[in-house]
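Two complexes are shown next, each including chain A; its partner changes from chain B in the first to chain C in the second.
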Partner chain A sequence: MFKKKNRLKRKEALTAYGFVLPNFIGLTIFVFVPMVYAFYVSLHQWNALSPKVFVGFDNYVQMAKDKEWWHSVYNTFIFTIIYVPLLFGLSLFFAVLIHQLKSRYESLARTLFLLPFAITSVISATIWMFLYDPRNGFINQVLKFFGGHSQQFLGSTNQALISIIVVIIWINLGYNMMIFLASIKEIPTDYYEAARIDGATGWKAFRFITFPLLRGTSIFILVVTTIGSFQVFDQIMVMTKGGPANATEVSVLYIYKQAFEFLNMGYASALAVVLFIIIFVLSLTQLKLYTRKD
Partner chain B sequence: MKVWKTLTVFLLALILALPLAACSSSKSSGDSKGIVTLKFWDFHTDAEKKFFQDLVKEYNASHPNVKIEMASFNQSDYTTTKLPVAFANNEGPDIFMVSPGGFTKFAQSGILADLNPYFKDGVKEDFLPSALDAVTYNGKVLALPFEMELLGLYYNKQMLKDANVEVPKTWEELQEAAKKLTTDQHAGIVLPTDKEPYLNFLWYPFLWQQGGDVISKDGKKATFDTPEVAKALDFWGSFFQKGYAPSKLQIGPTDIGNLGTGKTAMQICGTWAIPVLENKYKNVDVGLAPLPIPDGGKPATDAGGWKLAVNAKSKHVKEAADFVMWAFGSDKSRPLKWATEVKFAYPARKSVVEEGKSVYDKGLRKIFTEEIYDTAIPEPRYNPEIVDAIGESLQKVMFSDAKGSQVAKETNEKIQAALNK
Partner chain C sequence: MRQRWLLTVFVIFCGILMVLPIYFLFVSAFKEPNDVFRLSINFSHLTLDNFKAVLETNILRAIWNSFFVSSVVTIVALLFHSMSGYALARLNFPGKNFIFGWMISTLMVPFTVIMIPLYMVTKNFGMANSYLGLIVPMIFNAYGIFLFRQFYNEFPKELEEAAYMEGLSIAGTFFRIVLPLSKPMIIPLTIGFFTANWNNYLWPLIINQKEDLWVVQVALANIVGGGYETSWSIVLAAALLCALPTFALFFLVQRHLVEGVKMTGIK
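Moving on to the complex of A and B:
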């Protein structure tokens, strides 16, 4: 009897591993191995065309003195600090709102919100470049119609980063909202019934029932959005190429410049490793902060 | 039952693994039965692309032991990631194009083959000295030039007349004109806005007109911290600071469509714009003038242009070099057709320039030939750190409140550091 139970368990475990294996192989080949290789390259000087030259940790020493690198890290942090809370707040807000709608309006709203997510990054960037045009863009035309002045948007060092943040939010709002919506729908309506009897509706219901029960989803969205905000590249490359005057040069763009414009593959790899460490530490911190033991 | 299950799973796994195997086997140029296959990568479009395709077809037909396969990519990818990544994986093309902006980057890495041994008799001397200098590195000729594209000031005659503005000849007049021509309907002048080699390309003449330059003649010392540079920087930046030039463009800065569609009254653009104006924008009355000069300055303009290069690590350097020489280093008809029919540019060879004399007098070309050609200085080919430093200095004077003299000083240090490396 004992032997039979063991064999069954082992068979189940084996099947489980079998299912995870393909994904794990994929991750290993396309994520873990390149990461290790990137660290290996970061210890060399390499222009992709001649053999690698071993330089130890010289690239990391150079990085410490690189003002433009730290400026790009600063830009990335500013981007993240503005983008993440905004996206979080807006997707939660709209999720709650749409949850109140009748089902056919809800389907329509969901589709509309998800449309931007379905467009390729380059096309969404191009669409917004037209909207933002300092002379003839639609946004400026609306502004002028209401008596305002034309804004430079992507042509201004002050407005460029915010303008790009708006675009990224526009793209990702629907997706994150859907995740929140799904989680909200899982909250048993009995809770709300009980709350209503006690006189807690509207904002109180949200604060004491909805939001606490969305804890897991919130943590997920915060961490994933933060990681994502460190990786924004396509839109910035198309819309400003990091300008004007490096106002929108985030770390990923600087790494790209070092790798493909200067052909400093070794240095770029070192920067990428450091960026990875920053994101990793940030994500761990977020998880530790938000996950209480309850 | 169980046998079928395992069999299906096994077959499925095999089918999924097949593409992986196929991917890795399609590597570099192979030879079958003594035929040499060469890869030629290009970025041109429309008529220019067709020219190269026809060239390849003609060569393949007349050379039975060589087969050239041409692939086209968009210019953005081509000038950034496509080539370095391909070369790094030993899957680069045998024949490709380089521009002055990217030349040093490739030359330093050793990926360009020396074409000296492949020149036919007398051809090397036929090339214009400045054109050949631009591709010579450590005594080796690392690419073959086939075009010189000059810059000029294009303008909309009607818009100038309506605003009562004369064609500007000096820097002051250009600023005044740009100011008067900036209206709600159109911009005063269109200049490049994003940081890229083309931005630098358009700015250099304003430095050269004063006799200044980025580095010394021997290439060892940075000469960026000078009043000439500061003046040229401030002059360039003023168009953006004062709003005469748009800070963001919908159509690329190389596209004369900015002028042709009435979005601007003036645009600094190159010889390549003339066929576009003649075909696409026939109804717009466009004029052309040499670039305005500062007080006490000399006329100067920039001469850019792409070059054909051979991959030094190719298995068939000789065959690839032979094609390059056949294309633009032998029969005059081919470089002539390129420079006069397919687009408008000046050939890099003296004999070809002679041949095409009749074309150079037609329409706006006449102005390039008579008033601009002699003042052309070839686009410099600085290494990418210097190109980037200059680009950053321009961005600073265009979009921040930094002064030209201060920016020139900071950039000079960067350039010197790059030269010392």
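Moving on to the complex of A and C:
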């Protein structure tokens, strides 16, 4: 009896290892090893073809003096500071509004807002390049119609980054709004009825019931969008390639250029390691801040 | 009541603004090159010539490549992730917590941070410039494992016990009984994995230089940056062609998209 139980246990463990093994090996080779390898390569000078030359922390010293790198970090921060609150605020705003609509209009509004999510990043970049066209683009036509002046948008160092932010908010707004909407629907209506008896409706109901109860969802969205904004690449690569005059060159794009255009694999890896540390510290602080008990 | 109506009008108006760029994509792709910047539609001058020009590029091949790569990644990933999630939720084996922690810790590593060494590793396996290079590294992520584990933690035990009584092995129980009942998790993850891979731009850009293997994102980016700017109608026809498969998918799965947001987004 005891022996049989043991054999069953061993069989269970063997099956389990078989089930876990493909992912365990895959994650090790394609995530864990590259992570360690990134740090190893960052200590070398290497153009991907000739043998690596060990240079210690030289790449990190070089980085400290690399103005273009710090400019790209600055651009990334500016991007994040504008993009994250704007996306968060708009998603929440429209989720609350749409929740008030009658169900027929609610599903129509949901579809309309979510539709941009059905296209890819490169398609979104293509459409908006067309709309932003400095000479004849529709946006400039509308501006001129209302008596404004033609704008350069992607061709202007002042407007390029914000023009790209608009595109990325446009494509992500619907999805984030849906997440908010889903959790708003889980709030029991009794809460609002109780509040109404106490005279709290409209803004007060939002401030004291809806918003506090969306805390978990809010943290989720803030952390995910912040991490995402530090990795922004697609639309920028297609729309401006970092220009004009590096005005839209973000960190990932700079790393990409160093690695795959200039073949400075060692240096680019050092940049990637630092980017990892920035993202890691940032998301950790965010989590600490938001989950603190007050 | 009046307030309700104002609100409805405002929200729907904003919704229409959101869809407007997609409307312009649709109509401009059928316009003659000289009409493309005209806001109104000249119905007697709509044309299919733009699409004829687009079909001379390799865009259809790229759409097929994207479809193939995304499908294979999704199917293999679902299989591997559900197996691991099940083992971690239901089976007992030494080292279980360690393996789970190891897998979850990879969630903290953003793709952009490891793209350079990942390129090296993949190239060293001889998978650069091949379907394998586009597919294999994208299969493994802890996200799916984590969600499947969560799902199987709440799965009723009675079914498995009944299957064991019938003499089914553990693996047999999983593949014949448990997996077919995992649809609530499989559907949102299928949508999620497929669209994530269809949308992937950076990895295919890095790992593949062969034009035959361009995925749709890379091919379209090349058309946009390829000196066609003077003929926007052709560029937009290409973009519309690339958008059609995901639009079809969107209307097919919209209902599940809502459920998927609930399942994968918050829990």
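The working rule: the second predicted complex is superposed on the first by the 263 of 294 C-alpha atoms of A that agree within 3 Å, B and C clash if a C-alpha of one lies under 4 Å from a C-alpha of the other, contacts with A are read in each partner's own complex, and residues count from 1 in each chain.
The criterion applied here is as follows: contacts are C-beta pairs under 8 Å (C-beta built on N, C-alpha and C of every residue); 3 or more make two chains touch, one makes a residue touch a chain.
Here the structure is a predicted model, which is why all the values come from computation and not from measurement.
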- Query: Which holds for A:100: it touches chain B only (first), chain C only (second), both, or neither?
  - Reply: second
- Answer with first, second, both or neither: which of chain B and chain C does A:134 touch in the superposed model? first
- Query: What's your read, chain B or chain C touching more residues of chain A?
  - Reply: C
- Check whether A:6 is in contact with chain B, with chain C, with both or with neither, and answer first, second, both or neither. neither
- In the superposed arrangement, which partner chain does A:111 touch: chain B (first), chain C (second), both, or neither? second
- Which superposed partner A:153 touches (first chain B, second chain C, both, neither): first
- Determine, under the contact definition given at the top, whether A:243 touches first (chain B), second (chain C), both, or neither. first
- Message: So in the superposed three-chain picture, is A:15 touching just chain B, just chain C, both, or none of them (first/second/both/neither)?
- Response: second
- A:260 contacts which: chain B (first), chain C (second), both, neither? both
- Shared contact residues on chain A for chain B and chain C? 48, 129-130, 133, 136, 260, 265
- chain C-facing residues of chain A, complex: 9, 11-13, 15-20, 22-24, 26-27, 29-35, 37-38, 41, 48, 94, 97-98, 100-102, 105, 108-123, 125-131, 133, 136-138, 141, 170, 173-175, 178-179, 182-183, 216-217, 220, 227, 230-231, 233-234, 237-238, 252, 255-256, 259-260, 265, 268-269, 272-273, 275-276, 279-280
- Could you pull out which chain A residues touch chain B in their complex? 47-50, 129-130, 132-136, 152-157, 240-247, 257, 260-263, 265
- Message: Help me check something: in the complex, which residues belonging to chain C touch chain A?
- Response: 4, 7-8, 10-12, 14-16, 18-19, 21-22, 24-25, 28, 37, 39, 80-81, 83-84, 86-88, 91-94, 96, 99, 102-103, 106, 108-122, 136-137, 139-142, 145, 169-171, 174, 198-199, 201-202, 205-206, 216-217, 220-221, 224-225, 232, 235-236, 239, 242-243, 246-247, 249-250, 254, 257-258, 261-262, 265-266
- Task: Flag every residue of chain B that touches chain A in the complex, lowest number first.
- Result: 80-81, 84-85, 87-88, 105-106, 108-111, 187, 193-196, 246-248, 250, 263, 384-385, 388, 392, 395-396, 398-400
